[in-house]
Amino acid sequence: MSSIPDPFGLAAAALLAVGFYGFVTHRHPLRRLLAINIFGNGVFMTLILVARWMPGGPDPIPHAMVLTGIVIAVSATAFGLALVRRSMTQEDGDRREPDDD
Amino acid sequence: MTLFDSVLALLIAILAWRSVTAPDLYRGIVLFITLGLMLALSWARLDAPDLALAEAAIGAGLLGILLLSTWRVLQRAAPRQGSDEPASYAVRWLAVVGSTVFGGTVAVALYGLQVGSDRAGAEALASLDLAGIDQPVTAVLLNFRSYDTLLEMGVLLMALIGALLIRSPLAYEPWHGDTAVESPLMSVLAKVFTPIVVLVGIFLVWAGAYGPGGAFQGGAVLAGAGVLLLLCRRLYGDADATLLLRGLLVLGVTAFIVIGLLLMPWQGAFLAYPPGLVYVLLVVIEFSLAVSIALSLLLLFTGTHAVRAVRS
Amino acid sequence: MTEHLPVLAVFLPLLGGVLQFLLGSRGLPVWPLAVAALTVGCVLLLVGAVGSNGSIEHAIGGWDPPLGIRLRADGLAAVMLLLTAVVGAAVSVYALGPHGKASPQATHFWALWLLLWGSLNALFLSADLFNIYVTLELVTLSAIPLVLLAGPGKTVAAALRYLQFALFGSLLYLLGVAITYGLAGSLDLALVGPALADGGLAAGLAAGCLIGGVLVKAAIVPCHVWLPPAHGNAPAAVSAVLSALVVKAAVYLLLRFWTEPLAGLSGTLVAQLLGALGAAAIFYGSIQAFRQERLKLVVAYSTVAQLGYMLLFFPLAVSQAWDGAVYHGLAHGVAKASLFLATGNVIAYVGHDRLRELRGLDRPLALSVFAFGLASVSIMGLPPSGGFVAKWLLLSAAVETGQWWWAVVLIIGGLLAAAYIIRVLRYAFLQAPGPAVDVQGPVPSAVMAWPATLLGLLAILMGFTAAPTLALLGGLPGATS
Amino acid sequence: MNLLLILLPVLPAVMALGALSGLLGPRGTTCAVLVTSALALVLAGVGADGLHLDWLLLGTSLGLDATGRALLAVAALVWGAAAISSRPLFAGEAGPRYSMCFLLTLAANLGVLIAQDVAAFYVSFAVMTYAAYGLVVHDGTDEAVRAGRIYLVLSVAGECLLLSGMFLLAAEAGNATAAEMGAAYAVLTHPELVAGLLLAGFAVKMGILPLHVWLPLAHPAAPVPASAVLSGLIVKGGLLGWLRFLPDGEPALVLPGDVLAMLGLAGAVLAALIGCFQHRAKTVLAYSTVSQMGLLALPVGLLVAGRGEAALLIPVIALFAVHHALAKGALFLAMDHLKGYRPLLAAVTVLPVLALVGAPFTSGLVAKGALKSVMPDALATLVTLSSVTTTLLLLRFLVLAWPRRDSQTVELRRVAVAAWLLLIAAGLVLPWAMADAVHRDYAFQPGVLRDAVWPLLAGMIVAAVAARAIRPWWRFPEGDVVAPVERLLIRVHGALAHVLEDVLRAVPGPPQRLLSRSILSRLLGLREPGIPWVGLQLLALILLLPVLYLLAA
Amino acid sequence: MSALYEAMPLWVLMTSLVTAVLVFIAGEPWQRLRVVFNVTGAVLKLVLVGIMLRGVHHGHEFAVHLPLLPDLAIVLRADALTMLFATLSAVLWLVTTIYALAYLEHAPNRARFFGFFSLCVTATMGIATAGNLFTFFIFYEMLTLATWPLVVHRGVSRSMTAGRAYLQYTLAGGAVFLLGVVLIYALSGSGDFVAGGHLRHLADDHSGMLILIFVLLVAGLGVKAALVPLHGWLPTAMVAPAPVSALLHAVAVVKAGAFGIVRVVYDVYGVDLVQSLGLGDMLAVAASITIIYGSVRAIQQTDLKRRLAFSTVSQVSYITLGIAVGSPLATIGGLVHLVHQGLMKITLFFCAGGYAETHGIHAIRELDGIGRRMPWTTAMFTLGAFGMIGVPPLAGFITKWHLGLGAVSAGQYWVILVLLASTVLNAVYFLPLLHRVWFRASRQEDNGVGEAPPGLLGPILFTGVASVAAGLFAAFAWSPLGWVELIVEREY
C-alpha cells in the first residue's frame, strides 16, 4: 500500500459515479448499456485495487473475479445489444401484436 | 510512476465522463472503446496483466466492434431513433449530486480499507503447488474457484440462447452486393492476419498455465479472428446449426461438468482432481473452454445459430 | 452419498439443460421430463437428508473456505429447494401443453427452463458471495430469454428493461462484494460477518450495495418497474416460474445476508427502512394491481405486493417473523404459480386477458377457475391456506414486538389483496350478462389444467403443513431459542 | 277427563288450519264450533280438576275455577249461537279466512278461560287479540280497516303494558299460577307498579275509560256474529286477566285498585251518555259494553284495593259478567234479525234490553242487585244512578234498531233465529240459576226492586223529554276522543317522519362500499415512474443505507 | 372405534365438505347425481349431529386436535353450545337444500350454487365446533369466501354490487377480528374456549388492552352479526336468491357473528370479566341501538326482502343483547333466540322466495290479497311475522320472555323499554303487511296459479311449524329452550 493515496481509487470512484449518472439520466437503451458497462468497469477497478493492496503480491482471487465479471458483463451486454437492435428496428406498432412465432 | 498513474487515472475519469455525456452516440461508443484501452493500460500498471489482456481483447475489442456494428444497424434502420433525448434538468442535477456523493463515499470507503494479509488470496498463493498450475489467476479460475468458472460458462451459453431467440442478426447471409467492392486489404487481412491471430489465441490459452493468458483471453482472441473473417466476408451467419457446432458450443461446460461428476465418487468432492492427473485435466478443460468461449462470443456477435465459410 | 446431493441437485438440471440445447428437438419431451423427475427426486432426497441430519455442506474441489467455495444445504436452502422442486414439477408438466411437441421454441424453452432450475438450485445452495453473483446472473440470463419465448415482438421492450435493471443490480451487488472482500478477505457467507461488523463506513457501504443490488433484483418498490411488463407478457409457465421463484430467490438472498454476513451490523434503522419498503411494496403493488385492465398484469402486480410481506421480517426480526416471512415466500410461490398457470389457461382459451371482456369462464375452465380461486385464498391471506399461516406468524411477531404499525400494514395489505383478486373473480367468473366468450381456443387439456389445480390445492393444504415445514426450516439463525 | 280441557283450545285451533285451506267448508266450521261448544258446556257442567303440563310452553297450568266455569258455559252458548249466525259468512271467497279467524278467536277465548298460569294466559290472550282483528276488519270497508287499525294500536300498547307487568311479575315470582298470585305479590318489590301495569294492560281489552276508544269503532265494524262474541266474550278476557293475575285483596294494592274503581264508575256513566248521541245501533251497543264494563271494573277495583272480601266479590263479578255476556251477545245477534219488519222479533229484543237495564225479574236484577249488595252504600247508590244512563242508552238503541215498515224483508234463517231465541232464554234463566241463594233473595227485597224500577222510569222520562228537546240529535263522533287524537297523531307522525327522514338522510348510512375505484382513481394519478426516477430513488436508497447503519451504530 | 367416535366433529364437518367436493366434481350435467349427493350429505350430517347430541347430552365432550404450528392447533370440539348451533345448521341445511332444489329448478349454474352452499354449511359447522379462537377465525373467513359466490349468484350488476359490499364489510371485519385474535394469543398465549373464560388473571394489569381487544373482536364479529353501523352489507345482500338469503339471515352468516360474540363473551372473557370491565353495558347499548335502528329502517322499506333484511338486523341483536345483559335468564333468552330467530326468519325468507318464485312478487305493495291464493305460505308467513313481534305462543315470545325476565333480574330495566319498543316497531312493520296479505283485494289477475309448488311449500311448512313448536313446547327437555337451559346450567 502506498503512502500517498492511489489515484486509481479516485478513478474507480469516478467510473462508478459516472456509470450511475449515465444509468439514471439516459433514455437511449444503448447508452444506458454503455453506462452500465462503465459502472462495471468501476467495480472491476475496485476489485483490482483491492487485489493490489494485499501485501505479498496481487491477490489472484479478485483477479479471477474480474475475469469472470468481464465475461459475464460482455455476454450480457451482447445479449442486450441484440435486444436493442430488435427493439429499435421493429416497427412501433407490432410491439403489441403477437409475433409470428 | 505516480505522475503517470495520476494522469492515467484522470484520463480514465475524463473519458468515462465524456463517453457518458457525449452528445452523439457514435462518439460515446468510440470514447468508451478508448476508455477500455486506457483501463487495460491501467490494469497492466496495477499488476493485473491477465485482466489487461482480457479487457483489451474482450471489453474494448470485441465489445467495441459489437457496439459499433449495432450502432450501424440502428443508423440504417431508423436514423432518428439513435438521437438521445436526455432526462429532465432536475433529474440530471439530482443525479449529478447523488452520483458525486456516491463516488465520494466509495472513494472514502476504499481508502479506508485496511487490507491485511490474512486473506483467501494469500492462502491461494500459498496453496499454488496443490493446484497443479503455477499461474495464480488460472489456478483460482480452474481449480480453487472452478465452480464460478463453470457457472460462468452457463451464463455465456444462456446469453447466447437469448440472443438467438431475438433473431436480430448482425451478420446474416453472405453480404451480396457488397462482395463486388471487396478491397484487397480485406483479402490480405483474412489470409495473412487471421492465422496469426488464431495462433496468438491458442498460445494465450496454453500460456494461461504459466503466465498472463488463459482460456478467456485466448478464446476472446480466437473469437476476434472469427470476427475478422466475418468482417472480411469470409464467414457469414447461418440459421441452421449442425450438431457438431452445438457440440463445440457446449463442449466447455459439458466437459467441465462431466469430468467433475465422474471424478466425484473417487475424490469425494465435485471438481476435485486426482493429484497426478490434475494438469492434464486442467489443460483439457481449458482448451475445451476456449473453444466454447470463442464460438459463443463469435455467435453472440453474429446473432445467428451458426457461422459458415463462404464457398468461393 | 448424502454430501454429493447438493452437487447433483445443481448439475442434474444444468447438465440436462445443456444437453437439451445440444440435442435440439430430438428427445422431446422425454428427456427434459426425465431430467425434471430426476431433479425432483434428488431434491427430495436432499431435503429429506437435511430434515434428518441437519445442514449438509460440500466443499467444491475439496477446497475449504475461505479458499474455495462451499455448497451448503441448511434449512432455509432446503425449503427453497423444495419450493423450486414443487413449482418446477408442476411447471414442467404444464409446459407439456404448449411446449410438448418438437419445435425450435420448445427446445429453447426446455433448455432454458432446465438451466434456470439448475441455476436456482445453485443459488439456494451457494454459500459464497461471489458465487452468488454468478448464480444471480445465471438466473437472470436464463429468465430473460424465457420471457422472450412469448414472441420477441411483444416482449423485447420488457426484456430489455428487465436486463438493464438486472445487470445494473448485479453490478451494484458486485461492488458490495468487492468492498466486502476488501474488508474481510473472504467471500464465504459465514466468514465475512465479523469483518463487516466493525467495518465502519466501508461495511455500511458494502451492506448498502449488497442490499441495494438484491432489492433491484427482487423488484422491491421503487425498483419494481421492470417486473410487471416482464411477468405480464411472458408465457404462462415462465411467468409462474419468474414470479414464484426468480424474484423470490432475490428476497431469499436478503434474508440470507441479513442473518449471516450482515448480522453483526447494527441494522435497526435499516430494518425499519426495509420494512417501510415492504409496506410501500404491499400498498403500491396492490393498488396498481387493482387498477390493471389485464388479468396477467393484475397477477404480476400482485407479485410486487406480495414480495413486500417478506421484507417485514427485517423490522420484526424475531423467530416468528422469520418463520412467517419464509413461509410467506413458500406459500406465495405455490399460489402465484397456480395463479399464473390458471391465467395461462384462460389466455389459451379466450385468446386475450382483458378483464372486462371475460365472463362466464367457470364452466369451460372449471378446473382452472377452481385453481385460481384456491390460490387466491392464499394470496389474500385468508384461512385455511399457507398465506394465512404466514400472515398469522408475521402478525404475531408484530404484536409480540409491540410494533403494531406493521400489523396494520399486514391487515390492510390483506384487504387490498382481496380487492384486486375479487375484482378478477368478479369479472371473469361470475359476471352474468353479456355474451359468453367467443371461443377462440381449445379447452385446456388436463396436462395444463391439473398442475394449476394441484398447486392451488397445495396452497390451501399449506395451511396445515406449517409445522413440518418450519421444523425443516429450523428457526431463526442465531436466535436463542 | 281433565285432558279434555286441553282439547278446548286445541280442537278449534287445529280446525282453523283446515278452515284456512278451505277443506273444512262452512258446514264443517259451524260443526266444529258447535262440537267445541258442546264440549265446553259439558266441561262447564261437570267441572274439571287442574291440569299441569310441564312440557307445554313454559310449563302450563290449566284449570277451571268457578268464574271460569261460569263463563265457559256462557261462552259455549254465545259462540254456538254466533257460529250458527255466521254460517253465511263462512262461505264465499273470504270465507276460509273468516272461518280461520273465527275458530282461532274461539280457541284463544276458550284458552283464556282455562289458562291458569301467566304464560299460557298471555298466549291465549294475545292470540285472541290478533285473531279478533280478522273479525273486525272482515268487511274490508274503510271504516272497518280504520277501526281495525285503532284496535291494533291500542292492543299492541296494551300488550306492551302487560308484557312489562308480566316481566316484573315473573322475574321475581316465576311463571306463577293464578292460585299463587297472592304469594307472588307478597314478594314483589314494586307490587303496585306491577298491578298498575297489568290492570292497564287488561283494561285495554275491557274498554275501561281512557282506553276504550277502540271499542265503539271495532265492535260495530265487525260482522254481526263477530260483534256478538267481541262484545259478549272477548272483552271478558280482560276481566279474567284481572281476576287471575292480581291479588284478591291480599296484599291490598290501594292506589291501583282505587283508580280502577273510579275509572270504572266514570266510564259507566260517561260512556252511556256519549252513547246516547250515536246514530248507529251497533255503536250504541258498543258504548253500552264500555259502560257495563266500567260497572264491572268497579268491584274489581274494590277487590284489588282490599276494600271488600274476595269471597263475596268474586262470585258477584262472575255473575255480572255472565249476565252481560248473554244479554249483549243476544242484542248484537238481534241486529241480524231486525233487518226486516218483524215486530215480534223486535219485541223479543226488548227482553235482553230490559235485562241489561236491570228491570225486575230479569237477570239484570239479580246481577246488579248482587253487585250492589257487596258495595258500600254510597257506591251502590251511584250504581243505581248509572242505571238511568243505561236506560237512556238502551232506549236510544231501541229507537235506532226498531225495524221500520219500509225496510226490505230479508229472509230469516230459522236455525239462526232459534239459536238466538235460545240464547235469550238462557240469558233470562242462567244468571238466576248461577246466582247464590243469597243474591236471589236479595234481588227480591223491596228496596232492591224499587231501585230497579225508578231508574228505568226516570230514564224513560228523561228520554222522552230529551227527544223533544234536542232534535235533531247532536252527533258525537264514534269513539269520541279518538278522532281528534288520531288527527293529532297523524300530524305528529307526519312531522316526526319528516324529521326522521331528514335525520336519516343527514346521518349517512353505512357506505355500501368501503373502497371503490373512484376513490382510488382520485388517490392515484399513479403512473409507473420512469427509469430516471427509479434510478434516483435507488441512488438515494443506497446512500441512505450506510448512513442509517452508521447512525444506528 | 372410540377414536372415531371422539372425532365426531370432524366427521360432521366432512359430510358437507365431501358433499361440496362431490358436487363440484359432478358438475352441471349430472343433475340427479348431485341431488343424491346433496340430500345424502344433509341427511348423514343430521344423523351424525343427532349422535353427537346424544353424547353431549350425557355430558360427553368431543374434541379433535390438529396441530398446526408448535403452539397452535386447530381444535374441533363439541360442547352443549356447539350443539345448539350445529343442530340448527344441520336441520336447516337439509330443509334449505330441499327448498333450493325446487327454487332453482330451472336456473343455470346449479352445480356452483350447491357446491358453495355445502361449503358454506361446512364453514358454519366449523364455526360451531371451533374449540379456540384461531379455529373459529379460520372457519369464519371460510364462511365469507364460501358465501360470496352465493350472494352474487345471479351475476347481474345489482348482485355484483351487493357482493362487493358484502365482501368489503366482511373481509374488513375479518381483518379486524384477526387483529383481535392475534392480540389475544400474544397476550395470554391461548385462545381456547374455556367455559367461564381464561383471561381473568390479566384483568388487573392489562385491562385497557383487554378492552381494546374486546372491541376489536366484537367489531369483527359485529360485521357479520350486523351490529349497527356495521350492517351495511346485509340489506344489499338480499338480492341473492331466496335460499341464500334464508341461509345468510337465518343460519350461516349473521348467526356466525352472533355465535362468535357468545363465544367471546362466555368462553374467552367470561361473563364476570366482561361485566367488570364494563363491556357488557357497552355491548348491550350497541345491541339496543341496532334493535331500534334496524326496526325503524325496516319500516321504511318497500321491498319485502329488504324489509325482512332490516328485520334481521334488528332481531339478531337480541342474541347479543341477551348475553350482554349477563344474567342467566337473559342469557337463555339470547341463546335461544339463536335458534328461534333462525327458524322464524328462514320461514319468512322461504315465504318471500315462494311469493317471488310463484307469482313474481317482490314489492310489498304487490302482496295484496296473496293470502287467498297462497293460504299455506301466507299462514306460515303470518306465523313468522307474529313470532318476530313476539306474540305467544311462537318462538319469539319465548325469547322475549326470557330476555325481559333476565333484564329485570339483572336490574337493567331500560332493556325492557328496548324490548317493548322493538315489539311496537315490529308490529308497525309487520302488521300492516299481514293486513295487506289477508284483507286487501288482490291486484293481480287470477292466473290460475295458486299455492307454491310442494318443493317450496314443504320446507316452508316445516320451518313454520317448527317455529310454533319451538315456542309451544318450549318447556320440553329437548326443545331449544330446554337445551339452552342445559347450556346455561353448565356455564354458570
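By written order: A, B, C, D and E. Residues from 1 in each chain.
Basically, a residue touches a chain if its C-beta (ideal position, glycine included) is under 8 Å from a C-beta of that chain, and two chains touch if they have at least 3 such contacts.
Just so it is clear, the model here is predicted, and its values are computed rather than measured.
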| item | value |
| --- | --- |
| Common touching chains of subunit C and subunit B | A, D |
| Chain pair, most C-beta pairs within the contact cut-off | A-B |
| Central chain (distance from its CA mean to the mean of all protein CA atoms) | E |
| Relative to subunit E, chain with the most remote C-alpha centre | B |
| Most remote chain, CA-based centroid, reference being subunit A | D |
| Separation of subunit B from subunit D, taking each centre as the mean of its C-alpha atoms, in whole Å | 107 |
| Separation of subunit A from subunit E, taking each centre as the mean of its C-alpha atoms, in whole Å | 66 |
| Distance from subunit D to subunit C - Cα centre to Cα centre, in angstrom | 77 |
| Rounded Å distance, subunit A centre to subunit D centre (Cα mean) | 99 |
| For subunit B, residues contacting two or more additional chains | 87, 91, 95, 98-99, 102, 105-106, 110, 113, 115-116, 119-122, 124, 144-145, 148, 152, 155, 159, 162, 166-168 |
| Contacts with two or more other chains, residues of subunit D listed in rising order | 515, 530-533, 535-536, 539, 542-543, 546 |
| Numbers and ranges of subunit E residues touching at least 2 other chains | 164, 172 |
| Inter-chain touch pairs (all) | A-B, A-C, A-D, B-C, B-D, C-D, C-E, D-E |
| Residues of subunit C defined as touching subunit A within the complex | 105, 130, 133-134, 137, 141, 144, 150-154, 156-157, 159-160, 163-164, 167-168, 170-171, 174-175, 177-179, 181-182, 185, 187 |
| Subunit D residues touching subunit C - in the complex, by the definition given at the top | 515, 517, 520-521, 523-524, 526, 528-531, 533-534, 537-538, 541-553 |
| Complex contacts: residues of subunit A adjacent to subunit D | 20, 23-25, 27, 32 |
| Subunit E-touching residues of subunit C, taken from the complex the two chains share | 362-363, 366, 370, 377, 380, 382-384, 388-389, 391-393, 395-396, 399-400, 407, 411-412, 414-415, 418, 422, 426, 430-433, 463-464, 466-467, 470 |
| For the subunit E and subunit C complex, residues of the former touching the latter | 24, 27-28, 66-70, 72, 74, 109, 112, 134, 137-139, 141-142, 144-145, 148-149, 152-157, 160, 163-164, 167, 171-172, 174-176, 178-179, 182-183, 185-186 |
